[in-house]
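Next come two complexes, and both contain subunit A; in the first it sits with subunit B, in the second with subunit C.
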Partner chain A sequence: MKSNLITEDKQKSKLEKAFEILKTMASKPSGLIGLTIVLFHVVLALISPYIAPYDYKAISPNTMLLAPSVEHWFGTDSLGRDVFTRTILGGRTALTVTFFGSLIALLWGGLLGIFCGLVGGKIDDVVMRVVDAFLSIPWILAMLLIVSLLGTSTEVLIPALGFFYGKGIVRVARAATHDVIAKDFIVSAKARGHSNMSIIWNEIIPNVRDAILVEGAMRWSWMLLGFSSLSFLGFGVSPPTPDWGLMISNARGLMSFAYWSVIAPIVGLSSLIIGINLTADAFAKALGIDRSTKAPV
Partner chain B sequence: MKYILKVFSATFMSLILSFSIANASSGVFKVSHDLGFGKDTNLDAITKGRLFQVVIKTQNRLVRPDMNGVPSPSLSTDWSANSDATEWTFNLRKGIYFHDGSAFDAPDVKYSLMRAKDPDIGSPVRKSLSVVEDIDVIDQHTVKMKLSTSFADFPLLLTDYRLRMIPEGSGDTIGQTGVGTGPFMVDKFDPEGTTILKANPEYWEGAPGVAEVHVIAIPDAQARIQALLTGQIDMNRYVPFNQKKIFDSNSKFTTTVIPTGNWRGVVMRTDTAPFDNPKVRKAFRLAVDRQELVDLVMGGAATVSCDTPVMPSDQYRLQMDCPQNISKAKNLLREAGFPNGLELTVYPASLEPTWPTIAEVVQQQVAKAGIKVNIEMVPSKGYWNEVWMKKPVSMTRWNQRPADTILHEAYHSGAKWNESYFKNADFDKNLADARSELDFNKRKKAYQNAQMTLWEQSGTMIPYHVSRLVVTSSKVKNLDAVDHFSIQWHKVKVD
Partner chain C sequence: MLLLILKRIGLGLITLFIVSLITFVGVEVLPGDACTTYLEREAYGAALDACIKRLGLDIPAYERYLGWASNVVRGDFGYSLSGEMPINEVLGPRVKNSLVLASVSILIGIPLAIILGIITALWRDKLPDIVISTITIFSMTIPEFISATLLILIVAIWLGWLPGIVIIPSDATFYELLSNIILPVVAISMIMTAHMARMVRSSVIQVMASDYVQMAILKGVPYWKMVFRHVLPNALLPAINVVALTIAWLLGGVVVTEVVFNYPGLGRLVIESISNRDLPVVQALAIILASIYVGINLIADLMTLMLNPRLKSLQIRK
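What follows is the complex of A and B.
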């Protein structure tokens, strides 16, 4: 009974802390705008399958390149498909792929960085040189190689994006770990004979978590841009899946006379990237992290 | 008097000068190519990687198609056949020189054509030229071609865009030099950058209208459109019809619509399961709504094809209707052992701007018959080496050819570019019968039987023959409104 009460207290304090952070983030106009945009996109992504007015795959020569109207709010594309339907569903694809990709990047990048920062020595040297080597490879070329070999399904794209965007997090997590590793409580834990895993889990993660989360949020917006770039080049998700990058790519040649087919996905993509960036900035400030001095290493 | 003489001399000199300037080659004509053959790109017209945007300007054929596609004189001035059309004599044009200074004569003709038959070279045109058994050099300006069978349409075969005349013995270097008798000479060959051609002032039809032609590698279709819009190139012959509006209202450009025998399609390898079953292939082809493809992809500017590669204007084309038939497609799939449908992956590249759209539309159409199509985009560079004839299902595009040539080249069991690995004895026999038949109606019947076999058995879905939207800068003058291979490039001028 007592332990239950303690757990509830802990949860309550965590919830309270999260609420405090959100409140701080929303107290600044930029943070409020960022949070609103991200929330809008997340909600839209969740409900879009239920509110989409048309079948996103339905092609028809009779409805090709119709200008915005009451029937088709954002007009139609060159195959007669409803642009509004494809735009709201396109956000769902982008958010899903990049959210899970960022999660993977955070997990492997964060844990590997912390581990290297803690153990140091030759293991740290070797791992960081390997990370350096990967960082020197242009990510777009490496991604193109991967999708050429393994295809462009989301099962391939999510882990591949997660891997490539996690490399930078390794360095940030390692640097953050170096900041705390010389502190007394770590030295004490080592003196008490705690294992590396125990030290990572109980001592380091709580102290570097905020820096890694902020970095992860920033990587999310970069990943969104990267994913859309892949789709723009034709190597993101496969047609007919609605996707902003793919929609922009298909409609770019029609921009001068059918602007509507390209504007909607551009607005969708830009607003989400701006929203995530503003939110990440506000998140960092709420946690007391100065991103101008804690820039990625 | 002195003054009058001075004025007269000055006027006379000015006239001569202006006349010379008016007739000299001037200006640069800039065009593009898609680098589809990647590192294999070369200037040997008979090889797979030939950069035809260059060789059609640097080398001539014996016989070329006129503006209506009829064989007309080029390096051969006239020709005649014996009574059963098994021997053809060609008289050659005199006083013609290659870019390297050597004279063009009969041994060059024998060398150029027999080389295309060399199995070691493995030219894609070898199959259609197999009818030529030997070439006799009668004298320096006459050759006699001995055929293995009667062939009333033989001159038509020689209009093939790859059968170019090159200097005797130049086979080892032609891939880099591109030497020929054409209106332009290769100055710098850079397949991945800009290839520069210079005007041949001694060209036998007269000096070219432009001093240089630049052939620039631009793999992406939309990048080629932008290159045209920004003046980096002066002509784009692959503009999608849905982008016509961009140029229609712009006085800087001229648009021309040219009906052609060029076609686009989806190829299933008939040697690979499940497409080794003719019922599966026909089910896929029946599930396609060709008119809808014409409307959606070409904006209506194309002629529906029932999987025949023979162009609409060809006298041997099989005329038939082939509306979408989903129930029959489903039945065929059931009979082939796929009652629940099947799944396949197709690999378009943006080197052909309509491929991704064709794939998307076909994906939706065949889904009604239970065929799930996955689309995986692949890089344009090297598409013809890495994807085409390699993957079980790929996208294809062909330029127009005479009926006999295209049927041999794309479907004969021994053809190098038999892209669907189609092997059918009846089909091969019909082609052989057609060639040896001197009676036009019987010959036509044989060619049409071959096309009917394709409709029943083929692995290639050909939805339409395209009309080509050619957009040029308005600075470009005298460009013939015909297909690529009939254009007389020396006439082109750039203001």
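What follows is the complex of A and C.
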């Protein structure tokens, strides 16, 4: 009974803590704007299949390159598809791919980083060398190579993005673990005879979690940038999937007279990236982590 | 000191060695070898045999790696499949074009970033800071292909001031290049400047809050003398490393910018070689781009060491 009470209390305080962090984030205008943008995009992504007025892949020669009107809010593209429909569905593609990609990046990057920080020594040296080497290959070259050899389905893109954006998290997680590992409570946990797993789970992860989450939030916006760049170059998701990068690259050639079909996805993608960035910054500040002097690696 | 420099160079070389292994193993492990990927449906009979012979795919992988690596060390990257000529000949003009683009952007970007960073830091949270910081955050976060597309749309199409895309052969002369690279340079230096200006800003703010600057203020050192003598040298030093990392990171973005503007540099070669499935060229590009990355970082490391006497003695004591 008593132990039950304690866990309840712990869980409640966790929720409260999350709420408090959100409140701190929203207390500054930049954080509030960021949160609002991200929330807007997430809600739109969830409901877009139900509110989309047209079929995103319905090609029609009669409606090619129409200017914005009451029927087609954002006009139509060169194949007669409704730009509004494709824009709101494009957010869904971008958010799905990068959300799962970031999750994979956080998981493997965080775990490998904690592991390296813990064991240290030779293994740590070798792993960090390899991570450094991976970091020095431009992301775009590596991604393009993988995608061009394995194909451009989301099942390839998500793990590939997750893998390549996780290597930066390895460094952050390792550094955070290094900071924690020499602290007294770890030493006393060892002295109490806790197992290694218990120390990792109960002592280290709660203390490095914040740093890793903040890094993950930043990676999310970079991954979105990387993913849309890939689509733009023709190596992301394949048509006719509604995707912002793809839409921009298709509409670019005709933008001298049909600028609406390039403006809509540009606004969508830019606002989402800026929103995620502002949110990640506010998140870092609310958790008291300073990222201002870090390079975007 | 010399030992330290040698150690750094050694670490850089080890990194490059691992990069070469990764690209080599990556190409080996991923489905399809260089010949079958390149020839695709025609990968049979005499054409396949000839290709395998030429690339030496019939000898064991580790021997091939050793041969390839020793050639690369001597500056020979092998043979391009799609261009049907030595990779060095393909690379030459591309490297030159990219160098022109990058160095012009850096020459504009770094001084501009330092000035903007200082302005935003000294007038922190005042109007100049708010305006400049908002602009830098925007140009930092928006993907390269979007800012480049918008530049073309506004400057080239709506205003009609400059040509939208670069239509020059890859072996154009320097002067032909210059008139064509204004928009690509603006696109690249915009992002680069934004990143570096943020870095300089936070670095200057940190130094301004330090004890010795407070001391200088209390001693009555004139404001601008304090800024130039006491703040800037200490603030710009840690920024060097970050600036180097930023430049190296932007290599990826340069690829996209070059494609948008149709600029015949290394970046477009990356896309072309991957579209043509020309794996020998891809391998060569991976090594070259990684060397640039490692090189920039090495130079930054050494510069910080040279410029910071404290770090020097600290490292020696260790």
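In this text, the second predicted complex is superposed on the first by the 282 of 297 C-alpha atoms of A that agree within 3 Å, B and C clash if a C-alpha of one lies under 4 Å from a C-alpha of the other, contacts with A are read in each partner's own complex, and residues count from 1 in each chain.
Here, contacts are C-beta pairs under 8 Å (C-beta built on N, C-alpha and C of every residue); 3 or more make two chains touch, one makes a residue touch a chain.
What you see is a predicted model; the values in this text were computed from it and never measured.
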Open item on the list: Taking the superposition on A as described, I'd like to know which of subunit B and subunit C A:Gly80 touches: first, second, both or neither.
Closed with: first
TODO: Scan A:Ile274 for contacts with subunit B and subunit C and give back first, second, both or neither.
DONE: second
Task: Residues of subunit A touched, compared between subunit B and subunit C (which is higher) - done: C
Task: Partner chain(s) touched by A:Pro240 [first = subunit B, second = subunit C, both, neither] - done: first
TODO: Classify the contacts of A:Pro68 with the two partner chains as first (subunit B alone), second (subunit C alone), both, or neither.
DONE: neither
Open item on the list: Just to be sure I read the superposition right, which of the two partners does A:Tyr259 touch: subunit B = first, subunit C = second, or both, or neither?
Closed with: second
TODO: Report for A:Ser229: first if it touches subunit B alone, second if subunit C alone, otherwise both or neither.
DONE: second
TODO: In the overlay, answer first, second, both or neither for which of subunit B and subunit C A:Leu144 touches.
DONE: both
- [ ] Pick one for A:Pro159: touches subunit B only (first), subunit C only (second), both, or neither.
- [x] neither
Task: Residues of subunit A at both interfaces, subunit B in one complex, subunit C in the other - done: 144, 148, 233, 235, 252, 256
Task: Residues of subunit C defined as touching subunit A within the complex - done: 14-16, 18-19, 22-23, 26-27, 30-32, 37, 137-138, 140-146, 149-150, 152-153, 157, 195, 198-199, 202-203, 206, 238, 241-242, 245-246, 248-249, 251-252, 255-256, 259-260, 270-271, 274-275, 277, 282, 285-286, 289-290, 293-294, 297
Task: Partner subunit B, residues of subunit A touching it in the complex - done: 57-59, 61, 64-65, 78-80, 144, 148, 151-152, 233-235, 238-240, 250, 252-254, 256-257
Task: Residue numbers on subunit B that touch subunit A, as the complex places them - done: 222, 225, 240, 242-243, 245-246, 292, 295-296, 350, 356-357, 359-361, 363-364, 374-379
Open item on the list: Residue numbers of subunit A touching subunit C in their complex, please.
Closed with: 129-130, 132-134, 136-142, 144-146, 148-150, 221, 225-226, 228-229, 232-233, 235, 245, 248-249, 252, 255-256, 259, 262, 266, 269-270, 273-274, 277, 292-297
